[in-house]
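Following are the structures in question.
You will see two complexes here that share chain A, one where it goes with chain B and one where it goes with chain C.
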Partner chain A sequence: MSRQSVAKAHQKIQELSWEPAYHEPVSHYGTDYTFQKAQKKDPLKQVLRSYFPMQEEKDHRVYGASDGAIRGNMFRQVQERWLEWQKLFLSIIPLPEISAARAMPLLFRTVPNPELHNGQAIQMIDEVRHSTIQQNLKRLYMNNYIDPAGFNSSLRNFQSDYCGTIGRQFAEGFITGDAITAASIYLTIVAETAFTNTLFVAMPAEAAANGDYLLPTVFHSVQSDESRHISNGYATLLMALADEGNHQLLARDLRYAWWNNHRVVDAAIGTFIEYGTKDRRKDRESYAEMWRRWIYDDYYRSYLVPLEKYGLEIPHDLIEESWNQIWNKGYVHEVAQFFATGWLANYWRIDPMTDKDFEWFEYKYPGWYDKYGAWWENYNRLSMPNGHKPIVFEDVDYEYPHRCWTCMVPCLVREDMVMAKVDGQWRTYCHDMCRWTDEVAFRPTYQGRQTPNMGKLIGHREWETLYHGWNWADVVSDMGFVRDDGKTMVAQPHLDLNPDKMWTLDHLRKCPPLASPNVLLNEMSDDERTAFAARYVRGGPAGRAPADA
Partner chain B sequence: MGDKHVVRFEPVGIEIEVDEDQTILRAAAEQGVMLMHGCKEGQCSSCKSFVLDGEDIELDRYSTFALPEYELDEGYTLLCRAHPYEDLTIELLNYDEDMIRSGLPIQDRVAEVVAITPVTHDLRHLVLRLTDPGELKFFPGQYVDILVPDSEASRSFSMANTTSRDSGQLEFVIKVYPGGVFSEFLDTRLNVGDRLQLSGPFGVFTLRDNPGARIVFVGGGAGMAPILSLLRSMAERGIDRPATYYYGARTHLDLCFDEELRALQDVLPGFKYVPALSEPAEDAEWDGEVGLITDVVRRHEPDLAGADAYVCGPPPMVEAAIPLLEGLGVVTKHIYYDKFTTTGDAGDSKVLEAPTR
Partner chain C sequence: MTTTQDAPKFERSVPKPVFTDAEAGAREFPDSNSRRYNYYTPQKRKQSHYEDVTVDVQPDPRHYLTQGWLYGFADGRGGYPLDWTVLKAWGSDQPSPERGPGSGGMIVKDWPATGWHEFRDPNEEWELTLYRYNSNVVRQVTQNVEAAKASKAFEQWNANWVRFVEQHIGAWMHVDHGLGLYLYANANRRAPTNMHNNAISVNSMHRIRAAQDLALYNLTLSEEIEGFDGSAHLETWNNDPAWQGVRDLAEQLTAIDDWCEAIFAANIVFEPLVGELFRSQLVQQAAPRNGDFVTPTVIGAAEYDFAERDLRYTTAMFELLTNDREFAGHNKAIMSDWASTWTAKSLAAARALQPLWSQPDAKPPRFEDGLDRVKSRFSGIVVSLGLEEPKELAQ
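Coming up: the complex of A and B.
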């Protein structure tokens, strides 16, 4: 059997005129990288001739599955514990997709290789498609799920609550700083090559185990586009590596991108998979097990390490430290506990954990119960309003954490918190790597070298600052997380939709005002601040006060 | 274990053997062929490839988004899920030419001398056989380091054959220098049956895919070995790109593998072998080219635009050949070369300097 060569057809695409002939385009995003040596070939031979029929076919399948889910009443059979977390996830995920689409044009100008522009253009189209089918999925949930509140407002929610802002920081990472740092290293090399497997392979499997077969359909459709993106990243990385002057910047960017992705993706996806599932079969892989297989064994050892001999400085220490965070320091558990502590500031419902969950956690993460068990029992006890306040105000041996100014996840592994005065403001960071990212990496010079294209991290990065001193009822109203009756909250720390069991703005009005840890930090005297930091790092695990306090 | 089948990857021309129990991706990784992949779960389609020849493939469970049925019918497959049940030719759609060969595991092996044959007055054809079973995988054009017995030193030699798969053998062409660390040992003390330690493979002097483009080989002295390996490999694989091999020697007594190279002209219709003598003896009959090999190339090749060039030989030859080839229109990045030096002090036979690119 002989067939027509795809490679030859792809060759013809190179003959199109990609480079502008009659004008010099304006560059908004520059790069400090240089590309002088041999150009790389586009490693993936994708031609539009086969692209559009393929995507059309994939879209048809997604529509078919949507139709089947409606007719099969899937939305009423799905585990609510799982679907509630999708209110958060699906509010965030279309935005990284759009950011990724926006990132591709940054590469057209900065990577001088017409051969690669075809792949980048197709990736841009991919990302728009992903965003569209994900938003459509959200619309179907909203129309058919028993509790649409939270699905109906998620574009707004995305950027206004204590979790979504973390997602926005991640999404903007694709277009933050130097064009190569953002669109190539952060997006394609680290986010798409390392972390998409947990996102797009593990999440769908978990969704299916919880009775949702529509999300897997949509996300398999997305994941099957990932090959182009992995290839785009690889080709650009190899081109950058060929120029020795880039090695210093590559080392910097790989450190930043690796750490930031670990902080955000492991926090979010780890929580969804471990705390959003009802599937407690012992043979189900834990997030830690998946991480070890996909990210450590496959990405780190079989993708990154072979590049070392080409001059890529690999952040071995950070990869080991990420694993240390996940396995020894309970990173995912700390995050899930924080999300549940702050339930009143969100737009979904968080199901309490049961004995069956406890048993699974103890089996997969020995020692889990001693650290987190008592707190989750308290969460369960305090879940229905009964004269008490939400758990964050009650005495359950949990100290509300400070935010990390860089990754915007709080400083949950207390011993790792560091503090620095940067740009005239005292900031806390969840780990010294996040301090380094803000104070060293995103600066106009790096190790004595001019890096004008990095820009710097700005904005109200600590969500609590926005509402410092506000009454909680006003905070929740302002965010719009109130149900149609004008008083019942969208968020609930349980899954019971009986109005008598649900929290309202009236409950919140009796609570103390919201205090921003960062505002308080900057109001402290130097001595007070030193004492605060010394105490903070002695706290934990599970948010406990220092043993001697 | 099931039966094994040969899977050949185009357009890179790499062949691997795959057990029916293995996926093609896995077998490739074990044999040092770095193929693009992502999830290894049949979902991301990074390893999607096109089956040019052969049909009998079984796939493990995969997402039909990654490989819809109509693509399967058209001939696409997912290498991370595919088990071959016959010999296959697969067109890679997603690969990086330089990286694909970067994954051959470097092995430390022991080999036994099978033959030491003079092919000229100062070139020796050394044949080794690996003592432990199993091949030493290498790509034609690569080299190994051989440890000089009773010394700390090792010297690099390119293989002249194309594979050690069936025979377990490695062939070399080594120039004997008076006082050379390895070559003197080779000439005076090494006997059939002796054992040598070696490690490898190394090097990137491998044939690059560039369908249809002309190839110019320029060689001298022991530079014969890797070029012979590339030419033999082209013959085995039926790569009939227009190619000319300019080989420079001093006198006709310095020519070797002459018959084989002339015979290759029949196997590869586009191939021409042009030996040239810089000091032809007056009494000997020689109606071939005369002069420095670079001058011969200059006379024969007015325009080499679009061609690939492979250069291997003594440093002065390589250093003269590169600017010449550039001047004739070969794009700099398409000049591939191995330069070996004779280290002065050691008077050593051949230290192959890893190419700088």
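Coming up: the complex of A and C.
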């Protein structure tokens, strides 16, 4: 269709919507926001007559590239270090995608502008596209990459593993609770507008540098739908801003959504990009540099700040604090180190870092070696089974962290850990913002105002609780992270596929039982707990015990 | 190499390809040949591509989801509660595993966790198929209309038929659009498995596309036919008494709380009794007699969506429930009630449309004959589900 005829066609389909005359549609979801009914423009301006062929054409390119990659033996050049992390990433991401589809109807009744609903329905089907095209990419990896373990059990794995659980926030947060908080602020305004840039643009570039050009093909194709979704969010945000009564809630939700996205996405994608790559050219951008460009400049400075004049309260302090976490407090390095410490609870292999990696880290993050170098040397030394235990049980000056009740990433920047008794339970939080999210934001009142539609944090949020007192061999079997010989583990702390070099359940059988930090915390006396917290915040960096302990 | 005398070559900083031999089959080791998704049982002997990209994306605490849902609504419930419909699939009444300190994952060994997980969309819709199918439809519809334009086909239409198309064919777009968004898209948040919700979202897009097909057809006709009133459909939808029954019913359908009832009422009852009556028994019959061979191609696309795709997944979905090893009786009793309720409403709406049959110059077959035909098709559908024909059908 010509551009003029698309415009005309779009104008015409505005005639489709109608006000109910006899019965209101069912109202399944609530919000504490209020919206005035106002004539709005559909920001997407998308007509299905051109939309379907456009998407089909994008598919042709994606599937053509897939065929080409297989015929061209792409996997002879793919870095295993990189592809192993895709076992984690691709186990999680189809769920957030499909959850975004499921989230769209949360907005139908709560945002009373039928003009926007057309765009939301298109986003719904876009997300079905994203979810299934990513499942398909993973299937292709499973079929063509040297080690299918972890891909072949993918959707079971992410449902029983703590990393999958961390990732699931980035899905369940879209579909529950206050409809606007979930489907608009958390999903479109923050997750899609801010963080998909790093997911779908920065990460594919790194994949390509590691010999994988299929991930970029698929994710750029996904990303090309994203700008339309951003317009959906923007239109809803402007409408919410039009009512002053919403400003307090917008401020709350932006703080929660920003902080949670930072904690979750930066943890995962930061680790993939910094620790999953073999590309150590000094002029390739580090995650911190990418973050500065995509998130700080593009999102914060260019998108958020201009909204201040419409009355949006921007969490300037949190944006600076996130940067502080990444740049000064080593957030990504702490997370990667934790993933590697706990390799045995996962379903992918983690390659040790080498001198070349050390050099790059030191160049990009001055002071890195002094903090993390010795630990990674130990990781390398302990990577093949040779009479010793996995690194988490060995004396390498690393204290197993407590988990954050809210974001479920452990409290890794030790000095920031806070503890509170909430809902009758002692909980640790990785940062005061995560405490605030649980104790203040996700509650039926907020700053004295009734917020009856706000969601709740639920579930067994500390993974270790479920396996408190278990032998590690039983833990790993229970989760199903075992290969088809019935004993070799899916996870390995190295990339050597020689069966003699691989860890098995027999090695784990000899290890001490798993202990849940949160169960232990709640068993302490008040004095013990106070002493524990005082000691904890003096620990780190790199998981070290307090210097004077 | 003897190129030492060459000028030093400028080298760009780009990642270098490295031979890694990380290709399937390069080595033998545990799992090296385990190249299939091993966490679900296929419906047929072999795992299908559709199943691979669909099954278990949406988690379930009764299956693998050990830490449970993490975010809930204000009442503390997260995910996809089974009681969002009153229908049940085997296992629905079993309590969720109670996990806690030291419980382990308590993964349900007996696959699947509930009978809900057995559903597979017989159309095997995922992104590749849904874009291919709908692109073909929009291309074909566009070409048909273009060809008609080129051959001046609209000039053969008599004035009464032009009125009929602008008002009544036009009015149906509102049914498609309203249900597409507020019934089908809405229901894609509500079913307990990814298989259900994906099939429902594809159904939603069929309806929204069909609505747009009609709207854009209407736009073309406004440009091609002198005196064609492109906004007449609004007046008809809003005020024509013949349409108020359909409109009232369409709105009632969007007001249904239970997602199974919504899909059942729309696809098992309303579409066969009202949708097919309008499309197949009225438009497709009347158009050719009035010199119109174009409208049937547009309407026919929507008819095909329903008859060959949407009805197909719907019957597969409900057949599982009427044959459920634990709740067949429970489900059949409820579906019979639904069938009664929505049959009565649908027939009332259908009868209100009757004046349309006398409007074209060349009349379609009698209303009662058309109604008998859709009733007998509807009866076949409910009987194939193992339900009795509702007595309201005699109305």
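Worth pointing out:
Following the convention adopted for this analysis, the second predicted complex is superposed on the first by the 533 of 549 C-alpha atoms of A that agree within 3 Å, B and C clash if a C-alpha of one lies under 4 Å from a C-alpha of the other, contacts with A are read in each partner's own complex, and residues count from 1 in each chain.
Basically, contacts are C-beta pairs under 8 Å (C-beta built on N, C-alpha and C of every residue); 3 or more make two chains touch, one makes a residue touch a chain.
Note that the coordinates shown come from a computational prediction; the quantities given were computed from them, not determined experimentally.
Look at A:V6: by the touch rule set out above, it reaches chain B but stays clear of chain C. In the superposed model, A:Y369 lies in contact with neither chain B nor chain C. By the touch criterion stated above, A:S221 is placed in contact with chain B alone, chain C being left untouched. Touch criterion met: A:A235 reaches chain B, while chain C stays clear of it.
More residues of chain A lie in touch with C than with the remaining chain of the pair chain B and chain C. In the superposition on chain A, A:E172 makes contact with chain C only, not with chain B. Touch criterion not met for A:Y213: it reaches neither chain B nor chain C.
Overlap of the chain B and chain C interfaces on chain A comprises no residues.
Of all residues in chain B, only 11, 29, 34, 36, 38-41, 43-48, 50-55, 63-66, 68, 70-71, 74-75, 91, 93-99, 102-103, 333, 357 touch chain A in the complex they form. Of all the residues in chain A, the ones that touch chain B in their complex are 1-3, 5-7, 38, 40-41, 43-46, 54, 57-58, 61, 193, 196-197, 200-201, 217, 220-221, 223-227, 230-231, 234-235, 238, 294, 298, 302, 306, 309. Against chain A, in their complex, chain C makes its touches with residues 13, 15, 17-27, 29-40, 49, 52-59, 63-74, 76, 78-79, 99-105, 107, 126-128, 130-132, 134-135, 137-139, 141-142, 173-174, 177-178, 180-182, 185-190, 194, 197-198, 201-202, 204-205, 208-209, 211-213, 215-216, 218-219, 230-231, 233-234, 237-238, 247-248, 251-252, 254-257.
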